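Beneath this line is the structure, given in structure tokens, with notes to follow.
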Amino acid sequence: MTRIAAFLGLGAMGGPMAAHVVRQMQRQGGRALVWNRTREKAERHAAEFGGEVVDLPGLAEADVIFTCLPTSAEVDEVLDGVADGLKEGATWVDCTSGHPEAARRQAARLVERGVAFLDAPVSGGTSGAQAGTLTVMVGGDAAALGRVRDSFAFAGKVVHVGDVGSGFAVKAVNNALLAVTLWATGEGLAALARSGVNLGAALEVINASSGRSNASQNLIPARVLTREFPATFGLGLLAKDAGIAADVVREARASAPVLMQVEALMRAAATVIGADEDHTAALRLIERMNATEIK
Amino acid sequence: MTRIAAFLGLGAMGGPMAAHVVRQMQRQGGRALVWNRTREKAERHAAEFGGEVVDLPGLAEADVIFTCLPTSAEVDEVLDGVADGLKEGATWVDCTSGHPEAARRQAARLVERGVAFLDAPVSGGTSGAQAGTLTVMVGGDAAALGRVRDSFAFAGKVVHVGDVGSGFAVKAVNNALLAVTLWATGEGLAALARSGVNLGAALEVINASSGRSNASQNLIPARVLTREFPATFGLGLLAKDAGIAADVVREARASAPVLMQVEALMRAAATVIGADEDHTAALRLIERMNATEIK
Amino acid sequence: MTRIAAFLGLGAMGGPMAAHVVRQMQRQGGRALVWNRTREKAERHAAEFGGEVVDLPGLAEADVIFTCLPTSAEVDEVLDGVADGLKEGATWVDCTSGHPEAARRQAARLVERGVAFLDAPVSGGTSGAQAGTLTVMVGGDAAALGRVRDSFAFAGKVVHVGDVGSGFAVKAVNNALLAVTLWATGEGLAALARSGVNLGAALEVINASSGRSNASQNLIPARVLTREFPATFGLGLLAKDAGIAADVVREARASAPVLMQVEALMRAAATVIGADEDHTAALRLIERMNATEIK
Amino acid sequence: MTRIAAFLGLGAMGGPMAAHVVRQMQRQGGRALVWNRTREKAERHAAEFGGEVVDLPGLAEADVIFTCLPTSAEVDEVLDGVADGLKEGATWVDCTSGHPEAARRQAARLVERGVAFLDAPVSGGTSGAQAGTLTVMVGGDAAALGRVRDSFAFAGKVVHVGDVGSGFAVKAVNNALLAVTLWATGEGLAALARSGVNLGAALEVINASSGRSNASQNLIPARVLTREFPATFGLGLLAKDAGIAADVVREARASAPVLMQVEALMRAAATVIGADEDHTAALRLIERMNATEIK
């Protein structure tokens, strides 16, 4: 059983995820360590939820280390600082939306120290993180997952999808499909707008029909038609994830013309509209390309 | 109130739709006329449900004429035979997945005879047709729709989406989005398969995440992963509809790179795999392009 | 032999083409009629080159009528005014970059009056028009072409490519390929620019290698790297022609994913950058998508 | 001045390139070393042209080492065997169509041993290799290039395009543009074939017009219309190079929707038609997608 769990990266997703881990450790009589690049953030988290703030060397005691950072590059940086000091038999669970190739490299590095690595990105957004109902897609050794599965206190569903890197690959493909559905629905609506069709009525029909998707049912009505584009998940991050999917395709020597095209368009949207805008603001590039508004 | 309703085209969709119209007329003390290019089909329908088989000249009496034919070309053929003999004040409701440009032409032709035209394609599949719960997307004059709305006995939901042709445009865009989601999800799964990921687990995750669509939730698990590809909605018809969407884009001078690309790929799939195969068999072309199986 | 030749449309291309026709008629002792929507333009042309300005009814005498107008729509307008008055046995030669479907319709209309129709778009630009060295791609009856071939005084090369509409189809495909080579070379250069590569050196290499095209050899060095983008052939017209190619693809039920994608991107470029800019200014959209300059 | 030059990789390109190097060394009184994975090939080359066959340790004497291998992976393998034994002050010139990222890694590895690295891929095909007129695009230190420039005995033109990796990047983009022009011209011809147009006449016109490219002028008339598809440059290698271009795009965070799509289509062609077929046989996939022949 996990006696000491650590959580690194207390951002919009990681913060509430870590809170669930802290509460579980408290219930079970274990210890929960929290860390953030900006130490004050960790101190605020500890003050609110009760974990212990640690410096990176303090991770030497942890049985399970969770990371939830912006990209695999930040995970590499943290690993550089702590890999040599980790406890043999510990498990590193990376919940970052990371890169499969990085996962394979990191796993190879940790296995030499007797530490298991699982890539375990999540879906469900900040609301799922708060509710503790995230879906976790896990790549890596099934036995290693079995040993730490109980510590996934933030999860509603945990699915083992394959070897190391598979979790990141599935997450990247999922987000690429989010990009495709968002963009293609935006294209269709822009063409209908230029044809004089009532877009609200059109979406109502599509959402009762075979062309519906999470993007058409949830994102576009709430964020685009309202013209609000609330910045929860950044356009730059979606472009990054679509890019990881393109890398997955390339590394597998697969042929995926639509995923590749949409990666390029999403990258263009992040450049033209702004990486910090909400991911649904990609449709603003479609609006410019069509001299119309999707509303 | 409609006293005499006619239904032309008694195929997989039209047959059960017509049955609802017949039953409604029977309840209301009106008359229901049925017609099919193959007359025996109409006679079997009448024997089972009780309508009256008519020849095209018999449509002269009808207040409302429904058509549900393969393409707008067949509607043109029927119109050539009957347009001059229709009753002034009648309404023609075309439930075909037709072409917006044909709708505008047909409406202009009928309005000269004092007959209103509504393009009113449906979604919901054969099960929705049997249950009488189809969604109908209607283009044309709102007042004309108001006069015949009660006769849509096969509908669960009727949405007015714009002027003549708008119904067909929305239907085409919906089906183009079906094509996009099917194809892109297939690409993603093929790349994951080549990466050694468990596809059933990957789909389970995607369907709990932001990349989900009707294609990922319903079609691919039931038809592709099972390797059954049951032929309910033909690949050639989906390619045709994606092509109508491409025409909508062109006529609106819109820019829709993803819809255009997918139209081309779907057309290729219909040519290489077979127009009569189920539309989900488009993924068999992806499998060939990737030397893998989606299962 | 042609005794009376008429030329309609005296723009950047048609003006110098008509001058060649006028000179030929003068040499051969025939008559040359010129017409332009703006009559003053025709009067200036006649004053300079010596043809006779006519109104549309004056075309009744012509043995050969050349048209060189912006699109098939303008040809339709002129035809509406004159079709009934044309001389039986005359030949209408449309040098517009027109639409194959319009050609078939116009040919059918004229054949009823005993007038042959050839679609005969040209390539070679304004310099070829002035030099009288244009390449003409002709669709229609080979015998009809044989009868009037000598009157193509503006041509360096005349190629019969197929039935009515084939000339327009080939022209549209040629211009779509121009759009593809321009755009793709622009993408490649933008990526190289972001990689720190010297673009002049890169183009020098490409132009000595297998990836070269008219766009890479002539247009981009002279118009893009210089940042001059001189407006000779408008971006809106190239987008129109790429659109005609998309229609050719659709009408032939062909699958052409790259041509379809580039049509959409060229349409977007015309909308975002401006239809009246030079066609090479399409690369300005690529520059925005990549936050870089191609220079 | 180079006293000892080595050439590794004596295939269809490397063989004749090495012969030029051998002859130059003979003229200048230096020594030329040749190596091939299959030693007999090196012995045949030496017997014909007069160089000295060496084992990898023999490279320790060389002032300049040329490599011309299938991919960067083979270069890595050779480097693993010899890097530690190279002469300080030597220069490694890699003429492989390699990967920019590999070039940067290899250069960093060699600089530690005091050895300079230049990526120097070539274009011009086997005929250019035999004639000694290849174009070489060089990435790396300009001074290092200056020191060995005279040893490029196989070159007609040597262009310095930027830092290490730039040569490979330009080569990859050039070949991606070859892929784009081949594929798009194939699409256009397939659509014209389905429209009943004479393809030989159409190509004649295109090659006198603005849509022309090396593919339309040279490859398609000689290899596709003739139905010969002679296997000189393999489809699998073109797909590999288009893939390197996709990686260049990704690494530069560039947006290149057409290059990305064509990479996917070329990959599919290599899978469906065969990696060992001539690169022009990619058009056979277009033929299948269109149920037509390009002839």
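Just so it is clear, A, B, C and D label the chains in written order, and each chain counts residues from 1 on its own.
Please note the rule applied: contacts are C-beta pairs under 8 Å (C-beta built on N, C-alpha and C of every residue); 3 or more make two chains touch, one makes a residue touch a chain.
For clarity, every value in this text was computed on a predicted model and none was experimentally measured.
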item	value
A-C or A-D - the one linked by more C-beta pairs in contact	A-D
Chain pair among A-B, B-C or A-C whose interface repeats that of B-D, sharing over half of the contact pairs by residue number	A-C
Inter-centroid spacing, chain D versus chain C (mean Cα positions, whole Å)	38
Centroid distance [mean C-alpha coordinates] between chain D and chain A, Å	39
Inter-chain centre distance, chain A versus chain C - centres from mean C-alpha coordinates, in Å	51
For chain C, residues contacting two or more additional chains	249, 253-257, 261, 265, 267-268, 271, 289-290
Residues on chain B engaged by chain C in the complex (per definition of touch)	243, 246-247, 249-250, 253-257, 260-261, 263-265, 267-268, 271
List of chain B residues in touch with chain A within their complex	100, 123-125, 135, 137, 157, 159-163, 165-166, 169-170, 173-178, 180-181, 183-185, 187-192, 194-198, 201-202, 204-206, 208-216, 245, 248-249, 251-259, 261-262, 265, 286, 289-290, 292
In the complex, chain B residues that touch chain D	257, 261, 267-268, 271-272, 288-291
